[in-house]
Amino acid sequence: MDETIISAARSRLYSGVISDVLDSLGHWQHAMAPNVRPLDESLTLVGRARTGLYARVYHIDPAVNPYELEIKLIDSLEPDDVAVLACPPGNQVAPWGELLSTAARARKAAGAVTDGLVRDVRFIRAMGFPVFAGAIGPLDSKGRGSVVSIDVPIECGGVAVHPGDWIFGDVDGVCVIPGAIAEKVIQLSLDKVDKETTVRDELAAGELLATVFARHGIL
Amino acid sequence: MDETIISAARSRLYSGVISDVLDSLGHWQHAMAPNVRPLDESLTLVGRARTGLYARVYHIDPAVNPYELEIKLIDSLEPDDVAVLACPPGNQVAPWGELLSTAARARKAAGAVTDGLVRDVRFIRAMGFPVFAGAIGPLDSKGRGSVVSIDVPIECGGVAVHPGDWIFGDVDGVCVIPGAIAEKVIQLSLDKVDKETTVRDELAAGELLATVFARHGIL
Amino acid sequence: MDETIISAARSRLYSGVISDVLDSLGHWQHAMAPNVRPLDESLTLVGRARTGLYARVYHIDPAVNPYELEIKLIDSLEPDDVAVLACPPGNQVAPWGELLSTAARARKAAGAVTDGLVRDVRFIRAMGFPVFAGAIGPLDSKGRGSVVSIDVPIECGGVAVHPGDWIFGDVDGVCVIPGAIAEKVIQLSLDKVDKETTVRDELAAGELLATVFARHGIL
């Protein structure tokens, strides 16, 4: 996607409008569960999904580097990529923290999303790196979970994510946009934002919702 | 209720003292579940409940305005009213957002409460409009849920809410005060606040809890 | 524990590093569930556990002071103690609030932790007193729950806590450190922090994770 449109998406869009446009195109299952929250509510994340799938483990194999695939994923991130890490149900482990954030930012990645936990929140917030997580907690993945596949379809926060899908995350949550329609969705969203601004102005001036809805058909 | 007492409640009370007074009058089931949180923890919400009941839907009927009853509720809000919207269990939908907030504020409503989701959080916070919600998420109600009744008894956040009950919400949560005793509860709460200030001062000065509790009977 | 090491722990450590060191010593069950969150994410809590166990009650016995054991616990807190209050599953009650915070601070306690609720959040934040809780809500324990034992082993946030264990809490969560190894864990954590700083600097300079992990063995 063109850098101009990515940049417009980051500065002018919000996830409600992205969600409405996806609905209007028949894509209803695009919003991650509401427990997936930004560490920093002021940041907007827009980027291409690079996926990783976690599985639980209950031992440490001294012959194996438990971080091998995770390291491979992070070291191969390209500008505007978003690491999306799916954890098994009931997960209490943090697959993401400040050292991975630092490494991902050095690759110019756009951010990270996981339905698992994140740790080192203070450092990550200080970096201004957009990270979205299912919860916050200190437990490392070593001996508890491991990335078993990268760059494969996953389900994260209850939503299917394919490599190359686009991620839009902000204070309202995280939307997954199928790669094939991502540019169209962002263009339509930019159009809808202008319409919502008109509606807001009319409502703030005291017009009734019924009148404004009849005029514009959005709410 | 008199504007003077509403104003005193907004500036001097907190939900812990309201809750204690309701307990003392035998009203034990008055606090919404703790997932119902303020979008802005610095705001206090005091107002009269105007209720709406959501049900799930799984289709869009092109002949019907899906927002009809919701619009009717918002357009009929009066000063100091609070829109209280009850969602079905497992709800992932946002019945409230910034356009409804803008419309409600134009009617001089006091705020909104839902055990469902809310979206457009950035705009609502910038408005300083008190909104309490069960979670945050981007999904619109269109095609997912619809208001089926307004101005009827509902259950929101696990608590029965009748039209005309009073809502007190702040950083500690949301209490529902039966309409018939609302003024009494607020008067008794204002009295209790003064007593708690005395207790706090004595404890801060280093007196033992046992001594202070024996003297004042509150804790 | 020496005041110098307590003070170093408070200013230089974070719960991720404490957690990793506990893992490395074979203590895997040390992190409270992620719903146990700080009221103030900027504060770090380090102190010795003083425990209290809540049970549900459904009546008020006028012949009994329902706060008796809780008062006994708070009034006997010593400098650097942390009140740790375990609530039964499904608890909706706040065993902790601002008056207990004021009393505990007057005894020079380090803070409080509960897997139940806390109320009077605005006052507690203004005090700068470190409190961690499972959720926020206004309901008092009177008539709903009561401390049945103090200074006994408990389970709080899913983790066993013994009197004399050490508590480390910050924005990333709460770790419980067995009393017998607390000083060792803090010393090892201080060492690990220096190593993580080196790793962070190398990653920020653009070195690959694979290279840095091979060099230092931590991530």
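All chains are identified by letter, namely A, B and C, in their written order; residue positions are counted from 1 within each chain.
Simple rule for what comes next: contacts are C-beta pairs under 8 Å (C-beta built on N, C-alpha and C of every residue); 3 or more make two chains touch, one makes a residue touch a chain.
All figures in this text were calculated on a predicted structure; none of them were measured in a lab.
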item: Angle of the C-alpha superposing rotation, subunit A to subunit B, to the nearest 5 degrees; value: 120
item: Same or different contact residues where subunit C meets its copy subunit A, judged by the half mark; value: different
item: Subunit A-subunit C separation of Cα centroids, rounded to whole Å; value: 30
item: Subunit B residues counted as touching two or more neighbouring chains; value: none
item: Residue ranges of subunit C in contact with subunit B within the complex; value: 65, 67, 71-72, 74-75, 92, 94, 97-100, 102-103, 105-106, 117, 119-123, 135-140, 142-143
item: Residue ranges of subunit C in contact with subunit A within the complex; value: 14-16, 18-20, 23, 28, 31, 33-35, 37, 41, 170-173, 175, 196, 199-200, 203-210, 212-213, 219
